[in-house]
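Encoded as structure tokens, here's the structure I'll be asking about.
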């Protein structure tokens, strides 16, 4: 049985829930995986911690919450503190270079996610979509094509191009070398 | 064990509840009987059927509703129709001469209660108090003194005189002969 | 002084004697006389009566007065009680001691406003959302309306909890001659409250039987309906949420034994009637008549407190019973609890009446 | 078409497919997405979405639309559900078929708005005053949110009763990939309704499975929340009151067997887990893990319908069980019912979690 | 032999067994009900095209006497219920009738929000200054200092001006009349019923049983006398809103019609399909 | 070294661990809260003589940050709760703060009734034209045609004029300001707090996260710009009530003080004992 | 239409042709019609039900009908009939 | 009074004597103070926190302080101190 648990974590307003939805939809609808996406957020619209979990499997998923993460994506420093303990020893942390100063985990990939959004797309708003592109490539679970299709079906027409661009930017942020550090479990279910 | 069940019945607005309260208070507070007073009325403030029960006993009263009436006081024709079946065969019906055209019960005392109120006191409003006076005397359970005391404690100062008058009028409506028709049960508990 | 009083009046008097100085309510049959009485008597003792725009306003206004340190109450009937459910949840969560009188009438919906019923018994326990503690008392006579309302005030203060007084149309409107004591025992905490800088509004030591700060005393307390920490501020921390809900649960769990308030007689008998409120009057009369007629004794267990349900106590009391009869003016509500509690050992029979009339002794005798 | 949908979205879609054309609601976490979805989709199918000033307005507005013959629904969470209780009683009394979705969150009071809970299960049964019938369904997956909402619509129409869909934050917000059928079975009465002059709105033959008149069809019907006669007009007559309440009771009594909706597996096992809603996902996972680890089978009984409680059926299903585990995200609410039903024969264990987090398989395994 | 008009008029009621109605002798609600039916007939509103909605109270008993679709809802909830009916079947004429308690106390919020939404219905507020059904407690329209069952020392609260509040909340048409001024009342009701939008008529009505008694005004006849002397026509005052001890009667607010709620929502439907 | 005023100012907040607060970047509620505290300090309202009451919503989160008695009640129920507090302890200064949803939607009835009763409290309505806490649905103050989470095709409803409604319901003092006009806002709050009776200040506030986004106005800075250009002082208009697309700011209604509720009730107490 | 009259109404036609129709069983004797009849045409009978004491006085203004809260009195003015 | 500052505030005194006190950990970088400072005195730093970019420009009007939604910036104008 193959089962991958991925958490997108950050601060309310960073759009981690949307990131997880796009990820799950691409994996589930376009790649044919079994997926469950869940989320948890504070009472606050913005400002509090926010996390969204995706489980991807080749069998029906019963328990929908992540327990032992294969991937932990952190877009804020507090998220690292809060969730690192949920990451498998051999799991991988993916962090934002700007917002996350440190991540005491052996397999950590630190990427300029928000910076890319800001610099290349002019608005930090797209950080989450850039992130999806990067994580998708790292995980090796989703093709670029599926991702683009998903994004195109999720956003209003006038925003399709920029979102697809964001996906590509994220995708391209990830070096070939990074991919090799995908946790073992992912490869050998 | 002595136990007398009395029902005051009429139309909403005729004040049968107040009649029963005055009766019960006189019997319970001033004469030392055990009493329970209950009532039942329709959703309507006025117009619907309205009844109030008083149980008088020399022992604690558990079940508070009348089951087999010793006295049924009817101030309206529908009340007769509705409640006559609850009257003991040897119980007594006391009816208002004006509002009750017929009462098919052997022991029926028909009194000009509302007429007395209207004619002697100028307002039909006092029918209920006149009634209390009459019923008290018929029942033989309460003295005129107790009744007067009760009424005086229940109504605003400026209305004491007229209410006491009403009591007396009711009391005097009852002929000595009427008293002899008190149901047997009352006398021999 | 001997007086002829209705249950509603006696309830209002009991409240005042037990220290209630605030009433917020909205008229509804058959509870209105409580409001009417208090509108006259509360200002006389320096208290406050306010008629709010509805029952939701009433319970929230009462909660406000309670938060400001005044013993407060409201009274209503079914429809209003339904409307108050969210506010009752707030009283529970913020731990505001207060009294909610529900003079039950026929339901559901507008139902039969002027007729009697005991059909809000389960609602009293489970009417508001979320897990929560509830205490509900059930008087059967005018005198008990006085006694149990006063008792309710004390329990609410001790447990920092809303207490429900479940009356019904019969008990509320019935008049009996009573002699009420001028003073009643009023519970006061043993220890004074800590100074503001050492004070936590939801301290582990003040879940019950403690002195509590209220608004205007310099404690700068924060009340919220959110799950909160011991200082009263909201939290999402699962551990503290659990602590918060356990705390509420423990109000009952740790006090059930002294809370339970049961009157019983002849429980050694083969058949025992378990009853409460005005139906107990029929139950008691049934016992009397049956014994007179047959010479056989019938046991009676009358619950003066229906919630928390006295399970262990009931098991003990019904140990030697061969048959348990539960007469109620509803479709068998508390019967469920009795069944849950003792059906393992003894068969339980539900005697129901729900046509707005009072249950009669005969109906009970028929199943004795 | 495969889609990634949340439970809330699937619920809304299920409603529309089953013929719901009216939604009146007031936003509240975690149910708001149902309203948001329907605000977009209902006008497209000629339906109506209205955001009312509060939940009381919402349920009463929904009742109005239902009375006018449109299939209608509302959605809310704990606090709003508490506020709706009086209105639910009206739906019951006037026999208005409608759907009330409660996406449960942490309570009591404002509680923990963004966390999950199953603590409104008892409230769903007893939240409104008076004796009353209730049907409540409990989906465990996105697909079931769709299916059971559609089912709820049909049941409500057949029984002329409000049906409650008890979801929770997990099920409502969780997204899964589903392929939803374009059409679902919609219940339609066999017989046409009698002509206006022969029509009684509460005829003995139309308590359920009947064609009912609504406003604007020339039947000149009268709806009231008062106890009423077969023509709908209020009455105080005890006999008719009883007839009225029996009628309501019979909606359930006479249909329980087809209503009950239970999924079960391996009930011959020694230990059986009785569960519902999202806790059943933990229950099922616990079963899987336990069996993998120990090789011993564990039975599972998953209640898709929690009310009416399937007592007789449960007794049958649990005949050979030696131990029953009831895992819930509350302080043991449905546990009470299971206990009441089967504790005579088999010990029942309550597994509880009420800190806003989802119950884990491990917690259940610990008591297997 | 019954003349046509009377026949039609009586045909609007459920005479078979619901009459005489349960209202007290001399209660103004009966007059209001009769006048309302006359207005329906005058405007040709057919029984099968009409739904009359109420909450709970003496005034709210009216629908139970009318032979058309009638909806006796919960206390205070006539307006949301009417909203549901109207939106579900916009072709129905929907009329709400209720008391000062039902519509202004517990139902106050629904009232102002329905006005804000410009729901195309007519609301008749029977203002008898008290909660009559429950025995004469003070209501949001009871004047300050007056006595009531829950105001034994006089009411400390101030009263709403129902009409002013209706206007402020957004009503299109607002008028006031009394049960003494029956012809005037009928005219006001007709104007309100004709308005395409949220219209309100406040009917000052006598409750001899409670309000009359608590205020010492007297019986129905004396109360009508009191209504007569207190009423002043809107044409005779400069400011219709702030009159003490007077009832300003007439059309107090009448604004140009705009598309009402159901019409706007129909546009939304069209728009939603266009997307 | 911290200067005295700042010290006092910060001392009014629960700074220990409750800050930074949970409101979004650039949210006007923070500005409203700070300005309110400045008004308290200006008027010498002591922390131990004050109770701030709210319901549920982003705006209703304010009490949780203040170091005084604070009462975070149920959604819509701040006013009845405040009524209870004020009547139980009339010596406390009671201030209610809440959003357009909390006070005008679910809490609308309590609002008009508290105004009618002339309860001596101050109500601050933070109007951001939306239910922000739940994600940007339309509220009773959202203008017609605007988009919201539950109005994907534009809002069909009309909006309340909060101030007009407050006046119609009986408020003694009614003013409006915005979070851009901070000095003005502070003055309005001070005037309201000084009024002995029911006083209302409507604060037009930016919610960049939802309202700003749904309306395409932009971020906090752009929203403040929008507030600046839309506001017009009451002195510059003839009719302060019916301005479209403008926020008329200033004192819109200020009537001569009469004895407020608590004072009148004290008289009732005296009278009741006299009997 | 459902049958709607349980008791026969009392019909009185005055000398001027104004026809009164009284549904006495509906009348609650409130006196409103009596008190406000401009011509003192009406009165209550010994059972407190409305009665046309002076048919000759009636001017057919119908105010009694319009004000009656109980649908107990109807007047068909003479001129109407002639139309 | 409870302790109320977790992090040391940043204090900057400009040449005209107007003293800025920044509670950077409260600042959410909303730019309100920056955009509406009449003299363009303020800016955000690389971590999007307020900073006094041009202390010399400040005229001590305190508008930044009054408008800040997060209690993150305080200004003590020079003249005030001299009083």
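A few comments on the model shown:
As written, the chains take the letters A, B, C, D, E, F, G and H, and residue 1 is the first residue of each chain.
Keep this in mind: a residue touches a chain if its C-beta (ideal position, glycine included) is under 8 Å from a C-beta of that chain, and two chains touch if they have at least 3 such contacts.
Remember, it's a predicted structure, so these values are computed and weren't measured experimentally.
Considering the contact criterion stated above, the chains in touch with subunit E and with subunit H alike are F. The chains in contact with subunit B as well as with subunit D are C, E.
The centroid of the Cα atoms in subunit G and the matching centroid in subunit H are 85 Å apart.
Per-chain CA centroids place subunit C at a distance of 38 Å from subunit F. The distance from the centre of subunit C to the centre of subunit D, with each centre set as the mean of the Cα atoms, comes to 29 Å. Residues of subunit G in contact with at least two other chains: 28. For subunit B, residues touching at least two other chains, in rising order: 42-43, 47-48.
Counting partner chains per residue, subunit D has residues 40, 43, 53-54, 56, 79, 86, 90, 109-110, 112-115, 224-226, 234, 236 touching two or more of them. Within the complex formed with subunit E, the subunit C residues making contact are 26-29, 32, 35-36, 39-40, 43, 49, 51, 53-55, 79, 109-110. Of all residues in subunit C, only 2-4, 112-115, 170, 173-177, 278, 281-282, 284-285, 288, 358, 360-361 touch subunit B in the complex they form. Across the complex, subunit H meets subunit F through its residues 1-6, 9, 19, 21, 25-26, 28-32, 34-36, 63, 66-72, 74, 76, 80-81.
Across the complex, subunit F meets subunit E through its residues 105-106, 108-109, 112-113, 116-118, 140, 152-154, 156-161, 164-165, 167-170, 261, 264-265, 267-268, 271-272, 275. Across the interface of their complex, subunit F is touched by residues 22, 24, 40, 43-44, 46, 48, 50, 52-54, 56-58, 60-70, 72, 86-87, 90, 215-216, 218-226, 233-234 of subunit C.
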